[in-house]
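Each chain carries a letter (A, B, C, D and E) given by its place in the written order, and its residues are counted from 1.
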Amino acid sequence: MEENLNRHSRISAADLERLSKEAQQEATPSSAKIIWSEFKADKPAMVALVIVVAFILFVMIASLFIDTPKMMETNIMNYNTAPGTNGFILGADTGGRSIAQQLIVGSRNSIGIAIGLTIISSTFGICWGLVSGYFNGYIDWGMQRVYDFMMMLPMTMMIIVLVTIIRNYNAVTLTLIFSIFYWEGTSRLIRSRTLSESEKDYVAAAKTSGTSNFKIIFKEIMPNISSLIIVDTTLSFAENIGVETGLSYLGFGLPIHTPSLGTLIANANDPNNITQYWWTWLPAALLIIILCLSISYIGQVVRRSADASQRQGAEA
Amino acid sequence: MWKTILRRILIMIPEVIILSILVFLLAKAMPGDPFTGSINPRSDPAQIHHLMKLNGLYDPWYQQYWNWVVHLFHGNLGNSYQYQEPVTRLIGSRAVNTLWLALFTTILTYCFALPMGMFAAKHEGKLPDSIIRVYTYVTYCIPFFVILVIGVWIFGYVLGWFPTTGSISSTANPGIQTIGSRFYHILLPGILGALFGTVNVVQYLRSEVIDAKRSDYVRTARSKGVPSKDIYRHHIFRNSLLPIAAFAGYSITGLLNGSLFTETVFSYPGMGLLFINSISYRDYTVITALVLIYGILNLLGTLLSDIILSIVDPRIRIQ
Amino acid sequence: MGSNSEFLNIKDVSTAFKIKGKYYDAISHINLEVHHDEILAIVGESGCGKSTLATTIMGLHDPSETKITGKVDFEGTDLLQLDENGYNQFRGAKIGMIFQDPLSALNPLKRIEDQISEVMNYHTKFTAEQKHQRVLELLDQVGIVNPKRTAHQFPHELSGGMRQRVIIAIAIACKPDLIIADEPTTALDVTIQAQILDVLRDIQKENHAGIILITHDLGVVAETADRVAVMYAGQIVEEGSAEQIFDQPKHPYTRSLLRSMPQLDKENDDLYVIKGNVPSLQKMPTDGDRFAPRIPWLPDDAHEAEPSMHEVDDGHIVRCTCYKSFTFPDEQQGGATA
Amino acid sequence: GCSNNSSSESSDAAVKLSTAYNNKAATNKNATKNGTLKLAIVNNAPFQGITDPILASNAEDAEAFAPGGQNNLFNVDKNYKIIDGGLANQKLDRKAKTATITIRKDAKWSNGSPVTAKDVEYAYEVLGNKETTSQQYSSDFEDIEGMTEYHKGKADTISGITFPDGETGKVAVIHFKQMAPSMKFSGNSYIWGSIEPYEYIKDVPIAKLASSEQIRKNPIFVGPYKLDKVVEGESTSWSPNKFYYGKKAQIGHITLNVVSMNNIDKALQSKKYDTVAPSVAGALGGTDYKNLKNLKGYSKVGQPALGYSYFAFNLGHYDTKTGKNVADPNKKMANKSLRQAMMYALNVDQVSKKFGNGIKWRANTLLPPVFNKYYDKSAKGYPLNIKKANKLLDDAGYKKRNGSKWRSDPKGKKLVIYFGAMTSSATTEATYQDYLQQWHKVGLDVKYTSGKPVEMNSFYDTLQKPEQNKMDIWLGAWSLSSEPSQSQLYGDTAAFNMGHFTTAKNTKLINQMNDNGAWNDKTRAKTFKEWQEYMNNQAGVVGEQFNYAWQPVNNRVKGFDLSPANDEFYSNLTLTSSKLK
Amino acid sequence: MSLVEIKDLKVHYPIRSGFWNRITDSVKAVDGISFNIEAGETYGLVGESGSGKSTTGKSVVGLEKVTSGSVMYKGKDITKKSNRKSLDYNHDVQMIFQDSLSSLNPRKRIEDIIAEPLRNFEHLSKDEEKLRVLQLLDIVGLDADALYKYPHQFSGGQRQRIGVARAVATNPKLIIADEPVSALDLSVQAQVLNFMKKIQREFGISYLFISHDLGVVRHMCNNIAIMNRGRLVEIGTRDDIYNHPMHIYTKRLLAAIPETNVSQRAEHRAQRLAVEEVYREQQDKYYDKDGQAYPLVQITPTHSVALPEDLVEQLKHEGEVQA
């Protein structure tokens, strides 16, 4: 082959460096760059990104300086202290615990759970979907039956039952329990895209080029559905923040002395708190809304930048 | 068509069996038993042991499961320990409430969502579209129970427009008053549920309509000289409503999930509230039955969607 | 009707699309006329603006995204001045259109009969029975063997050729004077293509309609067209009768196209390749001869600065004077063309 | 009959409530018949709809069907002592070992059929049947002749219950193997206090009774009101029962609706209900009191609740063979000083004040003040005394060693005490936290069992094991029967004695409460007081809090009186206007 | 020995139906075809849409699960996966696809696309590999700039040439070209066809050239097979097929090709209609009762036609079949 090529091509080893340099100059920007320029072009998206990143950083760092057991100590003298009094910026809850501090630690816990849940369930769901979509025959058939079964499970109920069985659960176990149930949606989405993707000729081309199935799945197909993956992951991240709150509300979430946005919002459980002691739950609720909105807005931008026709940013 | 449906149902059977075993075991694995809760000085532990034995709660699990299955085939889901009546009857009376509410919520959801989705898509990119999209984003991000709690507080208590507990007024006479009262009781939870459920439908419908708008067959219709309002009516809406109709089946899952919250907030005696209560009472028979029923309803929901789809979409119509 | 008079007169029509806030001409300054009883073929490479021209005539562009100038004079009415309602009096009734992709052009959820009779709902006063009869008649006319059965079917149950026939039936349902067929056979097999073209020709004979046939297949043009307009980069570069175009092509572009067809006699030779690429919409040169970059060996002064149409023969028009000095490089040197 | 009695004189509560709301302002107003009295049943779950008090195992059902009179046999005085004048009179014959129950002549069920002696007996059959679903049966009933045989299914009837005038007569005689002084009081565990409509339900197998139409859909009652309608799990509505033998009902309609605990304050504030259905354990808590105490148009009524909360220590195990609790001197908490110190370390007074909002107060003993005669008002209990706590610990050898923050046990081993608590409201859990902090203050390393409050079922699941080492101290609560004998809770054979606190003295005192000497009320009261003092001193189980069973009552209601002596509670109620005030 | 021998190849797709969703029938996409591809030649496979051309192509390259029959390469049947592995079959046999856009992974740079087979079959150093890719690009007439670009940045013709470059990267013996130019404009089509020819000349590659465009096939191929409903109806040299078509289907196909000779279009049309007419009348004769073509009968050493026996007899009489 080599001599064959050398015979027919004007290019020889000598030109290699020069030509690759030339090519480098013409190189197309990477998708990260495209997304970044998309953010730069969209001011609200930039704001959302800054909010989310700054908030997560703030919460992670600030919570290092908070002594959680101490924060969660009751101080009955400060029972439901109103915001701004006694040095409580956002007031205190029934146990006289600072809402502001709980908000920080709680956000960290909730975001942690959401991130953990997103990572575990998405990774699993994506792999499952890719494999099931790529192979057909018995593998896919079997994997689809698992979907059907998952689809049938009444999620919240199952989680409640599991949570009651496991007496000593904490944030980690809770995340794992959620993960059992929350991978299915992502996975289905991925599967259907994989299915249509694996019918495309580039997959056939990869096969004829001798590429292994494993490589085709993760190196050929996966990059092509990466925008879907990114969008779905951001959106499910936003959604996952809400998962724990609902269960906390029903009384099956995190225990009260592990603050989370969920346990804070669950203060709204008591109608008296809704009006009289609004500071016990409202900040957490607002926080969730802002966070989710920002994240899903970011998701939109990422989706848009993946779709060349909708881009607003400069074609770099 | 019937064959396909029947086959689907047959395929469902092993799934239901697996679920039933799973649920049965999980329920048994929960700490405590149906009588732990009734701990007061008046009840004699000896009598409780007697009752446990009487109910076969000391048998090995497979035996209990087997008994349960045998009873199941006689249409008997066992007795509720807490309510001391057959589970079928207990759930039956609650199911009516839940299904009423679910049905009403669904209808309202579509009443809200269809015009909104179409309006947004029709005026894509313009102000009304942006408003509706902001609405959907925000609603999407608020946890459902927060909507419920705030809704109850404002409309139930502060304004006093709606009842806040129960499914029917205790003074309603049979007949029209009863129906009216029932309706009055599901009005607020229905509206709140619909406000929440709307989001998904609106987003889905909007993108469907936008896709349809850009489709080739709409271009064909325009070149036929069909006026634009008729194009919307006969082609765009019709074509994008069909998948939405199928969506209704899938949304059962969401509704059932939501029932846990709605019924808790409104003390509405449906299956969701029954479940939450039964969990703390360890009323195994009720828990297993409810999870199973919810599971089957989920299954039927997807089946229903598939059937609707195959009926309305000639491309996948099964001969 | 029946006279050979022109009834569609396109005058100086340009259509510009809005891309990122700026307008770019997809077709510029098109002049064409269509007569009864004739098939006018428009040929050109992909992206040269053929479909845009068709949809401009049909008024299918979103006014907020496009800017259209010029005049489309149809039987005395300037179509471009009409509002949506006014246009609807023409679409379907006096102008029928046939699209390229026969599957997506039909509503997948409606029966064939409904899709055909829909056009009659707006342009005729037929009763339901009359419409039904007409549908069967039309299906028969476009060569469908079992009209009754087909009328009752859904698009996905038909083969590509059948679907295309249905679309033709829709287009001719109200006996329009003008039929615009945008690549009606590109997606079809040769045998079916031949049948569809036969149907089109029969219909034209029967209805005395004028047909604009858009295609990039020179064979199809040669087989069916009475007159041919060759488009390049949004402009018409040559126009004339089929014989004129095929036997005495003048414009370098037309000549290049014909030369790049695989020929019977020169089996094993390399085919002629036009240098370079069709410029994209945003990079379209605005002045001078748009084809000039693709025949670089021709001296610059061979092109007109502002190319205009020259009549070289009776009804044979060529854009720009470059044709006069144009020869293929190999005709002088006999070398390879790659 | 209004009672001016007030039992609150003995409580340490910050507020003083009257048990009755006489509504003086309305006394001269005429009662109206065309109004509906609206009562709320405070409960998070729907009620279960079992009208039969034998089969029902919870308070909600009792509340929901209370206007029907609960088929109660006897009238009681303010000390829950059975008196004549009710549906039936009871005569105890200690020599013959019999209780003779004589039904009044005019007593009728709400369907018009007469109440018979068989109705009295049938209650025992339902209760003791082998297949019954009732949880109310206890071994005490086996003191009735023939009950054991009947319960085991060996006999079809209970031989110890006879009818001198025949089954349809009005007299039933119960023959006991031995008599107990508690038989004089309602709520005792020997003589069942309600009847069953035998004729009406005789065809239903007892095992199926709870789910039968007769019990659920169309029940009959002997009380002042008859059931018009029951909306399953949600509400009941009532109208006067024209067959009622006693004081005639004065209100046209009564409805009772279930309202969840979360919503009750709002519901009352928006005047949806006249009041809540009275409950002996108290339906409303301290937070509710705070929210509702100044509610316009309502007055507050209350009496000490029939219940208390307590700390218990894990001191032994239950020997399943002998059926006895056994103290175990090696248990971590076996040291009395340690227990006392832990109690002195707590500031229950302060907690009660803050969260109880005045309707809760520190329990100074194990018997709530509602038992006027037995309650030891003078008992000190365990007020906050950190100094004393530290001293007790130091003296007992619980010292901080090797510079540790925490005390170790006298042998120098590390001491970690596990505290068991049930998940509950935020307020309650805040209280737990406070207790933990207090213990930490005296150097005791006290931790939650499994790191956090556990859910109720898990909690009792652990405790009901014959032996457990997960919880060293825990916080529980009892709601009580109106008969205060302690054998079921603290007796040496009591299965509910989950801390397994037993001493010879305790057993002796508890037995004394029901021995022959106890027939004398004074002697009995003395025994009770002695027992309370002993328990306080031993600190095996220590009361945490007492509370008021209180409720706001709308000002249109007249004749509202919670006193136990108010035997005609529902008959006495009147409305002075058809709308809520 | 031929480069590749295809023997009685069948590919059936199951149709499931009935209550238990069992296989009740099958689509006979390819139903018993045999032909040989010689080294260095371009073999044309022509037929209408759905006649099974792509399926045949995919089976030869090993992408399709074959129902029965064999594809022999170097004496081994490569329809078995193990044989393909041991032979490094795809090092020697590659494929060019119809849709150039979908056959190039849109998320990969051109360098990675072309290098893919190299990375799988030849283990080169980074620089060697890059050089090889640059040379390949050069051969198909693309600049080095292309290296780090993505497929969507190229025109259809350029993309198809990238596809060619990838296919020749491992210096294969055979390339299956499945309608490589039917999505392209005339001038671009010419470009790609020229490159394919040039590469064939320079590297001695064989093509299995699949197309429905008889004009292009005539331009490219020495030997041609006509496919109809999963079977071959006629195989022969270019001359056999274009100048002496025997099967009625071939005749009809040829008659339908549009003629660029304007002056003769009337005659051409008449001729076509005549063939159509014959086709309608004699259709039954050329197909068996299931509507399938008959087995091929050799008429000349190069020319075989699927004719029924009686027609063969008749032809023999007429002396058209050489003994």
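Just so we're on the same page, a contact is a pair of C-beta atoms (placed from the backbone, for glycine too) under 8 Å apart; a residue touches a chain by one contact, two chains touch by 3 or more.
Since the model is a prediction, treat every value here as computed from it, not as a measurement.
**Q** By that same contact rule, can you tell me which chains touch chain C and chain D alike?
**A** B
**Q** Name the most central chain, where centre means the mean of Cα atoms.
**A** B
**Q** Could you work out how far the Cα centre of chain A sits from that of chain D, in whole Å?
**A** 51
**Q** Whole-Å distance, chain C centre to chain E centre, using C-alpha means?
**A** Each chain reduced to its C-alpha mean, chain C and chain E end up 31 Å apart.
**Q** Between chain B and chain E, what is the separation of their C-alpha centroids in Å?
**A** Centres of chain B and chain E (C-alpha means) sit 55 Å apart.
**Q** Residues of chain B that touch two or more other chains: which are they?
**A** Counting only residues that touch two or more other chains, chain B contributes 30-31, 152-153, 157.
**Q** Can you list the residues of chain A that touch 2 or more other chains?
**A** Only 164, 167, 269, 271 qualify.
**Q** Residues of chain D that contact two or more other chains, please.
**A** Answer for chain D, listing residues that touch two or more other chains: 263, 266, 455, 457-458.
**Q** Quick one: which bits of chain B touch chain D in the complex? Just the residue numbers, please.
**A** Where chain B meets chain D, its residues are 30-33, 35-48, 50-51, 54, 79, 82-86, 89, 93-94, 152-153, 156-158, 160, 164-171, 267, 269, 273-274, 277, 280-282.
**Q** Which chain A residues qualify as touching chain D in the complex?
**A** 72-74, 76-77, 79, 93-96, 164, 167-168, 170, 251, 255-258, 267, 269-272, 276
**Q** Quick check on the complex: what are the chain A residues that touch chain B?
**A** Answer in residue numbers: 145, 148-149, 151-158, 160-162, 164-165, 167, 238, 242, 245-246, 249-250, 265, 268-269, 271, 274-275, 285, 288-289, 291-293, 296-297.
**Q** For chain D, which residues count as touching chain B in their complex?
**A** On the chain D side, the touching residues are 36, 44-46, 48-50, 55, 57-58, 131, 133-140, 189, 210-211, 216, 229, 231-237, 253, 255-260, 263, 266-267, 269-270, 272, 455-458, 460-461, 464, 478-481, 488-489, 495-496.
**Q** Touching chain C in the complex: which residues of chain B?
**A** 215-217, 219-228, 234-235, 238-239, 242, 312-315
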